[in-house]
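For reference, the structures are reproduced in the following blocks.
Common to both upcoming complexes is subunit A, partnered first by subunit B, then by subunit C.
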Partner chain A sequence: MAGRVETPASAIVRSRSRWRSLRTCWTWYLFVAPSLILFLVFTLFIWAFMIYLSFQDWSLIGPRAFVGLGNYRELLANEHFWSAFRVTLVYTLIFVGPVAAISLLVAALVNQRLPLIGVFRSAYFLPVVTSISVIALVWRFILIPRAEGPLNYLIGWLGLPPQEWLIDTSLALPSVTGMQIWATAGYYMILWLAGLQSVPEELHEAARIDGAGRWAVFWRVTLPMLRPTTIFVVIIATIGALQMFGAVFLLTGGGPVRATTTVVYYVWQSAFMTYRMGFGAAASIVLFVVILIVALLQRRFLGWTEDIY
Partner chain B sequence: MRAARIPATYGLLVLLAVAALGPFAMMVSASLRPNLVYLSFPMPLIPPDLGLANYAQLFGRTIIGRWILNSAIMTLSVTALQLLTCSMAGFAFARGKFPGREALFWMLMASLMIPSTVTIIPLFLVVVKLGWANSFAGLIVPHATSIFGTFLMRQYFKTIPGDYDDAALIDGANRWQIYLRVVLPLAKPALATLGTLTFLNTWNDFLFPLVVTSSDEMRPLTVGLATLANQTGNAGFFMAGATVSFLPTFAFFLAMQRYVVRGVSLSGLKG
Partner chain C sequence: MRQRSLCSRRRFLAIGVSTAGAAALAACQPPPAPTVPAPTPQVVEKVVTQVVEREKVVEKPVVVTATPPPAFKGAATVWTFPQTQDDVASIWTPLAERMKKRYPELDVKTEVLPWAGRREKMMAAFASGEPPDAAYVNTDTLSLFGSNDVLQDLTPLVPKEVWDDYPEGVVKTGLSWKGKRLMIPTLVIITGRLANQELLSAAGWDPEKPPTTWPDVLKLGAQAKEKGYFLTSWTLSDWGSWVRTVWQAGGTVYSDDLTKVQLDQSAAEEALNFMVELFQKGYVPREGAVGSEQEAAAVTAVDYFVTDKQVLSADSNPNVVDTVHAQAPKMKYTILPPLKGKEQVTGASAGCWGIFNKSKNPAAAARWINFVVEPENQGFYCSAGGFAPPRQSANTYWTAQPDLKKFVTLQLPFTRINQDMNYFWQEGKTTSTPYFQAAVLGKSSVKQALADAKRDLQKQVDAFWAKQKQ
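Here is the complex of A and B:
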């Protein structure tokens, strides 16, 4: 009988413990609050706002006007947008493969136990921690079109005539790509290196005992074992390439004649040069959808399965 | 056979090192030559006309000192705030029991891979609406937390045994004291990794500060350096600007190398 009766003392204990559990809960919410509020405003809200904006015509100062799908329709009929789209895809194609291959070979080279190897790894990584403004400023001089320009001088050794790197419409994008490969290869080298170090050494030894040469071991044993890393490197490099902006802004200003105007550069021009906020938002959303589709396709095409790790 | 391969390996390593470091060597060398109008090859690595006139011109003609200060204020604030907000949220997601924890966590994780460049227009408009355009608040607050950082901290806190918390609870500590006195000191490696990556990402960020700032006095170094390129001057002048901008991240990288590499393996650095 005594156990069932609600005494004042037990009620106090119970309500106190309930109050205490609520209070500890509230503490947890306080811990999450700063991140959550910032997330709600600067991620969730701006996404909703961007979608809303993409249906508006707004020049920042004047009144907003609802235009329905007008921005999207105009975008898809706009040759400059298609040109930017094409430039971005070409850039992605000529950037991702070479940067992945070069950084893999460099990673294989520095994945050896040799004296001073850490110094070389750091040297190759240095461009990655350097800001794009510094890199572009230096490369602007490396790529000067005169015969005594550093790169023209170097290709002169190979008997090639001087090139107008950033002036020639067909050379400007490859030049920017070359700079980007130089600037980012060290980043992918570290990703490959992590993958290489997870391949068990016994596998290599077993293959060598079976009489396989160095290249055969690399192609037949190492590379298949690196499939998760390959998928990761290709997806990360592609997502980065589709968002290319800084190098183009700094090195070529999108030129010559739009030869290096990427989608993000086009978005920037629409919003911050011609003040067409809604139009720029629509272009951003199209770019996001493209990035999403490409990333999903790569996951499927390269055979991503959840059990890969 | 193995021994014969080692000189060839080093030959290749040195060649690649020249390719990686050559442009930086050229930059520093050219910046020390007051009379260099055009950059042309072949050029001597050790300048014949060594002098600091380009640097004097740089600090005289531009407000690069102010840009460095802006970058430092922005970067240190963002880094400190991210360490605080990410470790707090990470602690709650790792240890807390509260309604909605899983839902909130997965909502954050779902947006982890969303590229930040595509939201630059609405981000700019929100910053303007808040009255933060061309101000430190505008440069700092939108980046005061990071989903990647929250995830990193949560994963690390999960590796710290809960026994420590329980022992502190029995001693009468509350959640805040456990967070500050017990868990945070044990999470120093994760905090160092996150801090290093945040520092580099913020210092090197370009599109966001380009859009948010409008006056010369508010530019961080990366954006200020870009406006420098529109000025006229000889090659040595520009290379001095590049060198001054290069040195902070170079020194930081030398000091924090271990954490940079660890962070990259976790893919927290923008490629």
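Here is the complex of A and C:
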């Protein structure tokens, strides 16, 4: 088949048509422009600048010096970076599953037509809108490493000895994870709730008529219908976990003995405590690549496709 | 019906483009070269000031310089960080009123920013080419700002007699980078401890003779623990506490020329052994081992002391006196001199003013700085903020409460400012804390922890100097 031949006349016609479309739709472009500009300036430019920085040696205020792949070479040979990488992966593993399951459970509980259910929903959501500084301060108190600490007092009822939650190198990361699950479950609960409420009631009714019990209805009807929400929650929770910073910064300062130093905390230390912006940028790029790969793998294995809905 | 517009689209665009072009050209034009004031002292008066100098009180006549009156027009922006609950009301509004009388046409906008990320904020503003004209700067930024040419040399901007009014040690060691005086002190932060007299008695210690040496402190720690009290609290990420402990053991963290990290010396080993003993024997709350300096301090440093669970306060700045008055008004306490290992010593750092090199109004900023460091104004500033004034003549105007004055004057003879307090502060803290944690939690020996910390920190110091040579 012969290809389309571009004639001067057709080019003029096309150009005129584009100009007409621009004249007709300029208001649409006007509305899109603010967010487009914000995206270009605050996302794309910063991202490009970070890539540029990762090849530089820069203290933020001094002159920049091109170091090629020097930052990356140093990073990949740095034991503290790999330690932070391990901590981040472990944190992601112990955070994503539990937070997804707990928030789904809570969502299922508050997805009822009961009096004052709005109060319960708000209560579960409250940590999400509470400042992480306040949350961290309260949790430092809860996790006091002696018998009089609230959590130790509670486990004392079970006959368990007091634990040094944030001080024991093997307990510090699970403790931070626990706090983070508590602090963020409300957000995922809202996502699940939206998913649950979009499942048609007729399907539940049909299943019940067919003799399915509550558990079977949930397991065989509700959960499969929540697949899009599940994928979204898992991907978002994973990305959030790989970018963990605030709770570590406020609760443990990356300690004890780097047991809670995540990659983002390490990036912050490199860039803003030891003033190595280029090195920090290189670590950020590596983290970005890891997040991208993980997200793509999740997309593939969880079956995220166009016809998911 | 289509109305005739007042201005055609083409004409509107033409006007718009011309206006934008003119504005851009105007914006590109460099600001007029600043004229730096040459402050000529006009009023000289003698004030008899009590100056505490190395364990003796000396009555010394001090020359007080008043900056020349009005005839100065300008504007400047100053960044500062909170020293009180409400700096605007308690410090800046009264000072602005005083300044208005002196310089009716000097318009200074004082912006009080949160402490968190103060270095990053200043660095980012400087890097973007839009820093404030002047800012409150701590001496812990000296190597960073000095090596990157961030601040102006204040030597020619502040009269010689003002510099002469500062204690020599403060000016000599604390403010200079390669011979340039980049900062002028506005307050001195001296640390010390209080002892709860009732708890001392309860622990079987004579409240009239509180402990001042390391062995005594450890002995009191054992007695206090037996009675269910903490001895004191300690934050491992507090670099200042570490530095002071090394000094008390008779050493320094860095060599005098700042090229060597001396964590492999016996003083560092003794210091870390002392800290390890405090933690491992349970004399201090264990939670001080983790967490950022501020967060750990928020939970451990003050709470246990003011709630009668801790015999000695943490090594704190003089504000601890105010805190005790506010939160435990019934507590009877004794103010302690610094602890003594091989040496009895504590440290001080200075809060200062500096003018940025990219300041657009350096003349106005200099005028303002000269105004706020005047004895009366510095005395007022430090009284309001609960600090000690570094200018000797400002003592006259220092109206802090008696206990706060006593706290400061008791520490002053033992106070040292040296390279450890002013250089590689962040680097030292960030690098060493995990290794100190390893030693305290028994994950590595003291020797190994110090060797590891020295290796990592020395690498950064070497890289810093290598860059300086380029």
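Heads up, the rule we're going with is that the second predicted complex is superposed on the first by the 264 of 309 C-alpha atoms of A that agree within 3 Å, B and C clash if a C-alpha of one lies under 4 Å from a C-alpha of the other, contacts with A are read in each partner's own complex, and residues count from 1 in each chain.
Just so we're on the same page, a residue touches a chain if its C-beta (ideal position, glycine included) is under 8 Å from a C-beta of that chain, and two chains touch if they have at least 3 such contacts.
Since the model is a prediction, treat every value here as computed from it, not as a measurement.
> Do subunit B and subunit C fit side by side on subunit A in the superposed arrangement, or is it a clash?
Result for subunit B and subunit C: clash.
> Is A:66 contacted by the first partner subunit B, the second partner subunit C, both or neither?
Neither: A:66 stays clear of subunit B and subunit C.
> Counting only touches as set out at the top, which of subunit B and subunit C does A:45 meet: first, second, both, neither?
First partner only, subunit B.
> In the superposed model, which partner reaches more residues of subunit A, subunit B or subunit C?
Partner with more touched residues of subunit A: B.
> Quick one: is A:137 in contact with subunit B, with subunit C, with both, or with neither? Answer first, second, both or neither.
After superposing on A, A:137 lies in contact with both subunit B and subunit C.
> Let me test your reading of the model: by the given contact rule, A:190 touches which partner, first (subunit B), second (subunit C), both or neither?
After superposing on A, A:190 lies in contact with subunit B but is clear of subunit C.
> Where does A:288 make contact in the superposed view: on subunit B (first), on subunit C (second), on both, or on neither?
first
> Please work out whether A:272 is in contact with subunit B alone, subunit C alone, both, or neither, and reply first, second, both or neither.
So A:272 meets both subunit B and subunit C here.
> In the overlay, answer first, second, both or neither for which of subunit B and subunit C A:250 touches.
both
> Looking at subunit B, which part out of 44-52, 224-232, 242-250 or 260-268 clashes with subunit C after superposition?
Between subunit B and subunit C, the clashing stretch is 224-232.
> Of the residues on subunit A, which ones does subunit B touch that subunit C also touches?
136-137, 140-141, 144, 146, 249-250, 272
> Looking at the complex, which residues from subunit A come into contact with subunit C?
57, 59-62, 65, 136-137, 140-141, 144-146, 164, 166-167, 169, 172, 249-258, 261, 269, 272-275
> Can you check the complex and tell me which residues of subunit B touch subunit A?
Per the touch definition, subunit B meets subunit A at residues 6, 9-10, 12-13, 16-17, 19-21, 23-24, 26-27, 30, 38-42, 84-86, 88-89, 91-93, 96-99, 101, 104, 108, 111, 113-115, 117-126, 141-142, 144-145, 147, 150, 174-176, 179, 200, 203-204, 206-207, 210-211, 221-223, 225-226, 228-229, 235, 238-239, 241-242, 245-246, 249-250, 252-253, 257, 260-261, 264-265, 267, 269-271.
> Note which residues of subunit C are touching subunit A in the complex, please.
Subunit C residues touching subunit A: 117, 119-120, 123-124, 126-127, 144-145, 147-148, 150, 236-237, 286-287, 289-293, 295-296, 298-299, 426-427, 429-431, 433-434, 437-438, 441, 443, 460, 467, 470.
> Looking at the complex, which residues from subunit A come into contact with subunit B?
24-25, 27-29, 31-32, 34-36, 38-39, 41-47, 49-50, 53, 106, 109-110, 112, 114, 117, 120, 122-142, 144, 146, 148-150, 153-154, 182, 184, 186-188, 190-191, 194, 232, 236-237, 239-240, 242-243, 245-246, 249-250, 264, 267-268, 271-272, 277, 280-281, 284-285, 287-288, 291, 295
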